[in-house]
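Think of it as A, B, C, D, E and F in the order they're written, each chain with its own count starting at 1.
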Amino acid sequence: MELPHSNIISYHVTSPFFIIKFTGPRSLNSFTKDDYLYLGQLLHLADKDDSVYFTILQSCGTFFSSGANFQGIAKQAKNSNDPELSKWLKNFVATNLYVTDSFARHSKVLIACLNGPAIGMSAAIVGLCDIVYANTEKVYLRFPFASLGLITEGGTSITLPKKLGNNIAYQKLMFNEIFTHADLKDKVINKTYYIEDTEEFNKTILNELNEKIKTLYLPSCLKMKKMLQSNLKDEIVKLNSLEVNDALQFWIDGEPIRRFDQLENRNRKVKL
Amino acid sequence: MELPHSNIISYHVTSPFFIIKFTGPRSLNSFTKDDYLYLGQLLHLADKDDSVYFTILQSCGTFFSSGANFQGIAKQAKNSNDPELSKWLKNFVATNLYVTDSFARHSKVLIACLNGPAIGMSAAIVGLCDIVYANTEKVYLRFPFASLGLITEGGTSITLPKKLGNNIAYQKLMFNEIFTHADLKDKVINKTYYIEDTEEFNKTILNELNEKIKTLYLPSCLKMKKMLQSNLKDEIVKLNSLEVNDALQFWIDGEPIRRFDQLENRNRKVKL
Amino acid sequence: MELPHSNIISYHVTSPFFIIKFTGPRSLNSFTKDDYLYLGQLLHLADKDDSVYFTILQSCGTFFSSGANFQGIAKQAKNSNDPELSKWLKNFVATNLYVTDSFARHSKVLIACLNGPAIGMSAAIVGLCDIVYANTEKVYLRFPFASLGLITEGGTSITLPKKLGNNIAYQKLMFNEIFTHADLKDKVINKTYYIEDTEEFNKTILNELNEKIKTLYLPSCLKMKKMLQSNLKDEIVKLNSLEVNDALQFWIDGEPIRRFDQLENRNRKVKL
Amino acid sequence: MELPHSNIISYHVTSPFFIIKFTGPRSLNSFTKDDYLYLGQLLHLADKDDSVYFTILQSCGTFFSSGANFQGIAKQAKNSNDPELSKWLKNFVATNLYVTDSFARHSKVLIACLNGPAIGMSAAIVGLCDIVYANTEKVYLRFPFASLGLITEGGTSITLPKKLGNNIAYQKLMFNEIFTHADLKDKVINKTYYIEDTEEFNKTILNELNEKIKTLYLPSCLKMKKMLQSNLKDEIVKLNSLEVNDALQFWIDGEPIRRFDQLENRNRKVKL
Amino acid sequence: MELPHSNIISYHVTSPFFIIKFTGPRSLNSFTKDDYLYLGQLLHLADKDDSVYFTILQSCGTFFSSGANFQGIAKQAKNSNDPELSKWLKNFVATNLYVTDSFARHSKVLIACLNGPAIGMSAAIVGLCDIVYANTEKVYLRFPFASLGLITEGGTSITLPKKLGNNIAYQKLMFNEIFTHADLKDKVINKTYYIEDTEEFNKTILNELNEKIKTLYLPSCLKMKKMLQSNLKDEIVKLNSLEVNDALQFWIDGEPIRRFDQLENRNRKVKL
Amino acid sequence: MELPHSNIISYHVTSPFFIIKFTGPRSLNSFTKDDYLYLGQLLHLADKDDSVYFTILQSCGTFFSSGANFQGIAKQAKNSNDPELSKWLKNFVATNLYVTDSFARHSKVLIACLNGPAIGMSAAIVGLCDIVYANTEKVYLRFPFASLGLITEGGTSITLPKKLGNNIAYQKLMFNEIFTHADLKDKVINKTYYIEDTEEFNKTILNELNEKIKTLYLPSCLKMKKMLQSNLKDEIVKLNSLEVNDALQFWIDGEPIRRFDQLENRNRKVKL
């Protein structure tokens, strides 16, 4: 299929690496619905490329990704004449289900180069990666679902308790608290770098990976991934379906949009 | 939320019954995407109504429902400027996921009054009902996925093998064969009536139900449903997600639309 | 442990058979709480006896067992000064959990000689047996939970849909309908005999079993049972816990006792 | 239902908080069977109260709760004329099953304010809470099952390995070792306070919670809890049933009572 | 890999069919260990062939396959100097695990043309097929594990209860009874033919299949198989491992070989 | 059964301890296929001994065990005339399946005294133990599957993510990195000793265990183990089967042997 265009996500293949890059530093790599869809499609592209063994997410600037562009969503929602149900099936359910599924069942080893904070659905994606490298202790993950009138998405209902501990996940999710570098270290984050420049950070990781794989038999890696997926895949598939279907009512009832508007107004006043 | 309108699905509540009626006999109760969405919404309405213990599907005319209106889908698909992915996420993935989930996790006892054949997604819905009453031996279920370039949907990947037998499900699904009354009897169909008129058939069932429940303690029924759902619910939730995500590629690749067109042309020629 | 006494359940061991016999034909083998507990204990006795490979349930008279003696339960409940919660934990939750668990995890092959109808918890026990032999087509199972203000018990939430079909289980449970011999044949009932006398029926089965096992290597049977238990054991364990905990509220709310009283009054009037 | 009375457990509702308080500092908040049952009932009360989103356990004095009052159990056991099986079904199986189930399937966010050590069944309850706040590093959990002739209860067979690590759980359970603050930190314990006075500790947490929830959309919290329960709920339900049924034989064989007596005698000698 | 040779199993590919044929009518298609291994390898060959959508098992003569050649096994066992453990790991565990796994995880639609009876491991293989066509009512399946000092193998611990009913499976397995055509009809057997000649039977099926698939979109079939495998695959994988590991002790203890010898002697005497 | 002989594994029983000792310090306790089989048999011996409650693995010298003796395997493989499939079923599949299963379903508490590094299958065995005591921080685990053209074995596909964290397991397995003492501490390693001499280390642990169990009721320990096995047992059983069957193809394709040869040549050159 022809791929749609995204202005802030690009990719290139340097076998055995399929490198996806977020290139919207000015918006803190905030993504529209179409950006997320494009991301999911790239994963399918990587899936089908036999020369690829590792799919790598890189970003640029200070944020890994600030998550969904809620302004865009709110605007789109208000301009749409669709009934509420259709609107949110299209704008939320289908997108989230598809993107989460693309990650949960991806067949290549998923590596995130976490240059900075990730928020919301983008933070959920970090939770779906197999290996995470962080740049400095300033990185964090944040899931502001409780503050936005939303619920756990992107499989976080299962990835967070399983990867970070049940009680930790409850506390942070319920009260919209940040998962700091200290929380993530040795659980989600595999290694921390201290490199000023994001480009340098990304390059360093790639160099190290190139070094690491020199003597490996790469088909072993893919088959081990298949085995290791027994740990989480089926549960994510199930939770993904529950999450989007149960979040739907929240969107239809309008709470998230009301809260985006409030945030917006507050931000505007602050600026004045 | 305000409910969208459907010209061929109506409902009324006569506690403890929430009665959903298909009222499009001329189109053989073929449903558009919006009709299916409306159906899902009615289930949520029934879920929330404390006076309701049984949700009943009735139809009219000779078919229970001939399934998705593919002409509509094909036309919509061709007129749309959306990229293929967005198009099918909206028109297929979101709809099917939502409707299937509405049935799979419905809290009231689901009864289908099967007045005639059901096809495709509508047949899948019959497979998701708890109790099925049939009118004469002319009823059947048909899942033409293999002929249309589609795959099992509406949870049929699990409801058919579990309810009708593994090997039977394989044979009929692979070769697009009909599940006849004989196949369904005592497995999916609980009782068969022999009543000429569909209205009379529907009324008879309702009368019998009214008789049956006279001495029952209805809260027992809902709690037993909750217990009995252990048998299939979690598996349907998981399969629902797998089914829509794996079918997506078939829609994007275009095979279903190509096959609808062929059918259309053949039908048109037949008419000339 | 010393075994309590039951007037209407006896047992004897004729290796490799552990034979449990219901001996209360006048009460149609209706059981008190203590009778059910005794039954559970006998199963544990059989479990520990290395000479035993088959545990056989026999009855006498016209009924296999008419289930719990509700008059006794109602009387006991009224005379007790215990708070409602303690009363029903003791009289219902603990008993049912224990008996169901004794059957679900029993290590020997469980055979029921179904001489006549079984009702309620006793019918649930038939559902927990591995092999069932029936005498004539007059046998039936009945689970009057919906009529008594109760819910599925004894693992029936899972044994009935899995053994008799999902939709059949729903219909019969929701509307308190009888599972007739025709419903049970080839699903729960392995073979039907046509022998007037119950004693003769029991003896015939035992003779046939003695014949059948002549050339068997009996340790193979126990190990195969262990393997075959993968099919249902874990699910029954889980449902057993859910069933008793969710039924508890129904007992505390008093609906079952109200309905026993009504039945009692009606029966008394009929007799006058 | 009318609630039984407990002298050492009280509660009050300050929406959105349902606050349960242990008020028996002199007995170190040791609980009788009836106290535990009362606790379970309070959870059901909280479940049904739509104004409640968080259920909070507070205690007083130096211990959170020293667990079951074994002296009481032993005395009761000796004075009872019940057969051993009935005695322990009533005094152990039913109680433990009910209390554990009340926590495992509770629909509100469960928060324990751990002012001091918790032992046995009360420690198991801490293991069933979603969020735990501790006062100083003197708190600990202790599960003396191996020393008392008992086995894992209150779902600890699954909550301890899943929350604290498989090998850690084995070591501590097998050898009756204490789970210290260091063991629990960042796994079970979410935050540690250093406040002399328990009342002050409880109040501080409540104030912080009030602060935290100010901007939250509370329905999001309940729905996220429902999603997060996928992590442990079903497994606890199953293990709860296995634990009580397998512990039963230990009670019937008398080892726990023998060991309570020994402890008692030793304690008495120490005092002389 | 180069394929080993089998004198009584051949194959050819006529896309989309991969046809495996048993060609040892004189031995009633009894298989040596190497024959079974060859069969497993053919399945892997079919798995990898993109032109293949259906893998078809055909036989010849009067038996589908009389199962393992026990004479060969016994002779081999006696001549071997291997310690008992190594001997049976090699001759039983590895072979059965491999063959069963090859069938359980096969990606193409598996069709058995059941020309006559199948016994033991070969009957288990029929139980692992997705679709079964039978020739006349003389076909049957037999699993003489209890008579041979063996236990359920080839996934029969789960395929038989799931496909044929729990109680039916228990009865037939425990007492080494035949699963007749009547038992298998509409559960394992999809259609019955009445064709004298086996070659003709095989050809007829192939012709019908060629007819059936004419209008199908074959990739739909493979994807539906993937979905439908949720029903049994994971459970067979788990049971396969339990079955071979638990059967091992029976082989080491020598009961099966003793029983083969007895059978042998009896057969020899009958011939004299 | 008579046990085969192993020159470098011995055992003795000092109830309640079954002590298995690795006694091949010169080969760094590298094991042949037969050594591993012997180890599995010792576990079955311990299983059957009612006086045993703890099965303890001790080693000697500087390594706990350097894993499979690949030189032996390579030599054996080259000298064998068996077809590739038979060769690897015998030399790899059967052995690994058996040994892993012996550990996964062992009924006694498994304790490893980790005197030094463990590699490959021997490291997997450490991952299958319930409790691990380490000597100094020089111990480590290493799983060089990706470097040897192999895949996760010995249940590591599930034990490593569940015990050490999902992302940690991915990183270390994919890139053949060492699990250091710091990685293992408080997750796999329960306690670290600092004792020069391995014999002294082993003796100290045994003394401590003797001290610890003095006041325990040992049947409680076995029953708690049975309960705690719910956490991992079933998943290991399933993964064990998947691991060996999927690794098989790698052996048949010859990559592992090619890589052993390379290692061998490199080692030889280094020595020259």
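Note that a residue touches a chain if its C-beta (ideal position, glycine included) is under 8 Å from a C-beta of that chain, and two chains touch if they have at least 3 such contacts.
Treat the numbers as computed from the prediction; the structure is a model and nothing was measured.
Chemist: Determine the shortest chain-contact distance, in steps, between chain B and chain D.
Modeler: 2
Chemist: Would you pick out the chains that touch chain D and also touch chain F?
Modeler: Of all the chains present, those in contact with both chain D and chain F are A.
Chemist: Quick one: chain B and chain E, Cα centre-to-centre, how many Å?
Modeler: 37
Chemist: How many angstrom lie between the CA centroids of chain B and chain F, rounded to a whole number?
Modeler: Spacing between the chain centres: roughly 53 Å.
Chemist: Suppose each chain is reduced to the average of its Cα coordinates; what separation in Å results between chain A and chain E?
Modeler: 46
Chemist: Touching two or more other chains, which residues of chain C qualify?
Modeler: 162, 238, 242
Chemist: Okay, what are all the chain pairs that touch?
Modeler: Chain-chain contacts present: A-B, A-D, A-F, B-C, B-E, C-D, C-E, D-F, E-F.
Chemist: Please give the residue numbers of chain C that touch chain B in the complex, ascending.
Modeler: Contacts found on chain C: 145-152, 157-158, 161-162, 165-171, 173-176, 183, 235, 238-239, 242-243, 246-247, 250, 255, 259.
Chemist: For the complex, which residues does chain E have touching chain F?
Modeler: Listed in rising order, the residues are 1-2, 4, 34, 37, 41, 44, 83-86, 89-90, 93-95, 97-98, 101, 105, 234, 237-238, 240-242, 244-245, 248-249, 252-253.
Chemist: Residue numbers of chain F touching chain D in their complex, please.
Modeler: 109, 129-132, 162-163, 186-191, 212-213, 215-217, 219-221, 223-228, 230-232
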